[in-house]
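Some structures to go through are shown next.
Note that chain A is present in both complexes that follow, paired respectively with chain B and with chain C.
Showing the complex of A and B:
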């Protein structure tokens, strides 16, 4: 006879979790229009966190590197994009949609390029000497996070930096009583596009096959004739670039950023990676969406508990699944 | 003709000196068996040949070339495949993906693939299944199939019968007999009956040193030597 957990697995398993949380929230909130607004906000927030966290998950899964400096790329991505958007403020305010979009594209491109180059430098200079030594990894990457914050302070100053938004991403769409902020819909769409791209690369290409195999058993990948060190550098660069893109998206979402952004996001990013299961992009997406939805629902229903929502969620999920929602097979 | 030569190979793992003096030759063709008690250094010998542990310089020669300082990936590209004790299959990948990864260009040679289907019909049956869902025997078949999906000069096989049912062990022995006709196999094994059935040449390792080399036929006939080197009772 089929058990309850087998029945749940048959209907989608852990993928049902965000749906179940949303339905419970609908009952508790009781106002459908507020629920839709909160759900869209939660999904958008989840997608931005997914961008920041997916690289960290792959880096840990493949390289077994605990990179506490990952959120430095989030900070730098946010500040680089903010500066780029500031330089193109004329295009942002223009009536031309093409100029608006070009400004956003170039700002994101600047953040991604910075992430790729800084990621390469970080991997080769800071990470490579401490492969296989978790304690030193924690110390040196936390040190790098502190140094990066100081660099941001030196370059951009300590005052909050305002981030201009392009006019085509300002405002909201109204569907009856439901309000959907355009920027949030954009964040959701971009996050989804990145997830689909990552999914296709991992599932349909030879390099993706190598990454998935490397996450499980690096030594065997080498014994099959592949130099996994090169893969490490590539994955680290892409992971850093995704974090920078997430930071750029977050900057546009918050519209006011400080040098402490990286430190603030570090805990959320780690919670998402732990909830999702190390080394799994699908798990990271699930974890990020859960964190985004819970933060918005609990912020509405019980604002005093909002700060604790991530920790409570992590504890509940780890009690249920100690390896996370969708860990890579080891 | 000698395919693989080990010359006074020494290997240390951290502060422990595991191999002190490993010297033997593996001739081209057939199955060469490395026997020994638990902890004698059999697995370390295979891993050192494969470059997964670092052996002493100038101690491993493959087809006349010194490979003792090379990276595992370079050694694999020279035509040496490794079937580890834990099978090393990628559980999250399908059977097909596990085999694709072992091909040089990501494409199968139809003849070799057919040979694998003939040797291990279960792999064709579970072609699209993720490897974690296979039984222990099927995982071992996949691990061996991965080693022969491309032409290799030498296959290093570490205790392939460990934990397998007798019927699977029989099937595995037949597969190795067939593979050994075209590819040299260096087999590490504790199951003496299995080793006896397959081996042509053999060596016994004890406490990180080679204690005996010879033919399997002679060793199988000498029960006193078996008792002395492997603690096997007749």
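Showing the complex of A and C:
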């Protein structure tokens, strides 16, 4: 028994979990081509959820602040990007690939900028006065979530908004009898790029060092003379911008968005963050991919259970590891 | 605080008594169906908010699953009434089934997550509540899906039922109010809500209530004195869940309809949160004040906002913001301001005012 767990640890420990899940799913599904399609879909979904969840996890890890309003950034990101894309629909329809890409880039830029500004506002105006008071934090961020949802309803209306997709992201690639939607590949690539960027910033730069040290022990970093508060505003802004980017990606993925989007994603994001362990980027990635894969496999195998599956997954993981798979804080 | 009877406390208690009296005579004072609907809704929400206050105000744990338990109770009664036909046996079976499910789920959630940080608990209850909502709309052969269930209440609560007849066989009227089944239904709602509210009040005043407050104030110290914090938290979570479940049953009998929107939606949770914070966390009487204010706002503020919106016609965005359905926006802002400046809510703030003078 001892040796088995050591061997598993050497090959990656909990990181093997998604691999194990996908192998079991391969056996259960039995058709390799649909399995590949589902796996790609799951990975893409996982990456988008990772974008939304990573900020929340870091914010909590660094400052012990849990932002229940985080999903507001997701929906704002989705709606801002949708509006921006709608505004530039001429470019999207154009034949030139460069114009297409520019339009997508600008739409994402709009979402990110909005996320940065809104994150700054949120941090400074709403959360700063209630540091170190979990009860009021939950209440205030919940209130902020209500207000932002209502603002979205007031600005964009309650009817579903359709999101135009650029033509170069439409369609799918065919490998034999395996179809891979281009947008999913794009989502996966973007998510991976963000993860690598986050990883490099956290592990290779001075700011990353400070953030990791702050997650580990805030008082100590402060005692050494660094202004954690200022750093935290930055982390909060980046986290919100990532959520907005995730929302923008999600909007393009769903192509039809409603104001309820934020609320729906919030549950998934929470489950991911709990599974992964609060405060760690690796854990969030792991949790997001697990949730994405499970959602797609179960959705194929037993569609009725699809939504409950996340809950069951969370329960199982919490029973096994009460503080998540890869917690940053001990 | 309670022993010294400061003026603020007396004022709050008097207000609550007046509200209670108004609710008691509501069918005679406000003789239209809408007002009676409002009064019944207030009664139900007083129970819901009071039981929620046990959690958030007295024990300091934030749960987002309170509507889930409310829904269990409501769906229990609804399913039993539809399957077994209108009758008290169905009500009994339904409420007991709802109660049992609520308590089992509460114990499971409590033991699983109350030992970790409060913030985990909030997230897990939120996830559980959303799963319950999805299940209710998916298991459509049992719960009626999105459409919900319509059913008949027990015979005595039917509007056509005559409680007392005069010699001509007509319904007796007192002060112009017909003594019919609707009246009986209202008093059923009122009496059971009152009983549940008094139960909550009693719990808060009992030794158990003191232990809960000790846990809220300093968890580590309470543990050190020898109270098993996890056990107490789980226990109070179960009590709150049971109360919410019973409130759900009562509401299901009153409405004769149960659906995701009336029993399980997240909006009800937001309403409860707003009520408990506006009324005052950890005051119990605040539950009454918060519930009254918010239910009145729900029914009558929209009309007012419609008027404002009409008058602002022509100015960009402003009419949109004052649109009657945007009332939650303003309540949300009030909510945030209250948490900042009056974290004790209306009842708590006034209560303390008197204590100082």
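Some points to look at:
In this section, the second predicted complex is superposed on the first by the 326 of 330 C-alpha atoms of A that agree within 3 Å, B and C clash if a C-alpha of one lies under 4 Å from a C-alpha of the other, contacts with A are read in each partner's own complex, and residues count from 1 in each chain.
We take it that a residue touches a chain if its C-beta (ideal position, glycine included) is under 8 Å from a C-beta of that chain, and two chains touch if they have at least 3 such contacts.
Quick caveat, the model's predicted, so the values are computed rather than measured.
When the two complexes are overlaid on their common chain A, residue A:92 makes contact with neither chain B nor chain C.
Taking chain A as the reference, the larger set of touched residues comes from C, when chain B and chain C are compared. In the superposed model, A:78 makes contact with neither chain B nor chain C.
Using the contact criterion defined above for the overlaid structures, shared-chain residue A:202 touches neither chain B nor chain C, since it reaches no partner. With both structures placed on the common chain, the touch criterion links A:14 to neither chain B nor chain C. Once the two complexes are laid over each other on the shared chain, residue contacts for A:43 go to neither chain B nor chain C. In the superposition on chain A, A:110 contacts neither chain B nor chain C.
Partner chain B is touched in their complex by these residues of chain A: 206, 209-210, 212-213, 215-217, 219-228, 328-330. Residues 56, 60, 62, 112-113, 115-120, 122-124, 126-128, 130-131, 134-135, 138, 266, 270, 273, 277, 317, 320-321, 323, 325-326, 328-329, 331-333, 335-336, 339-340, 343 of chain C touch chain A in their complex. Contact residues on chain A toward chain C in their complex (touch as defined above): 60, 66, 68, 126, 129-130, 134-136, 138-140, 142-144, 146-147, 150-151, 153-155, 263, 266-267, 270-271, 273-274, 304, 307-308, 310-311, 314-315, 318-319, 322-323. Contacts from chain B toward chain A in the complex involve residues 50, 52, 71-73, 76-77, 81-82, 84, 88, 90-93, 97, 100-102, 104, 106, 130, 132, 146.
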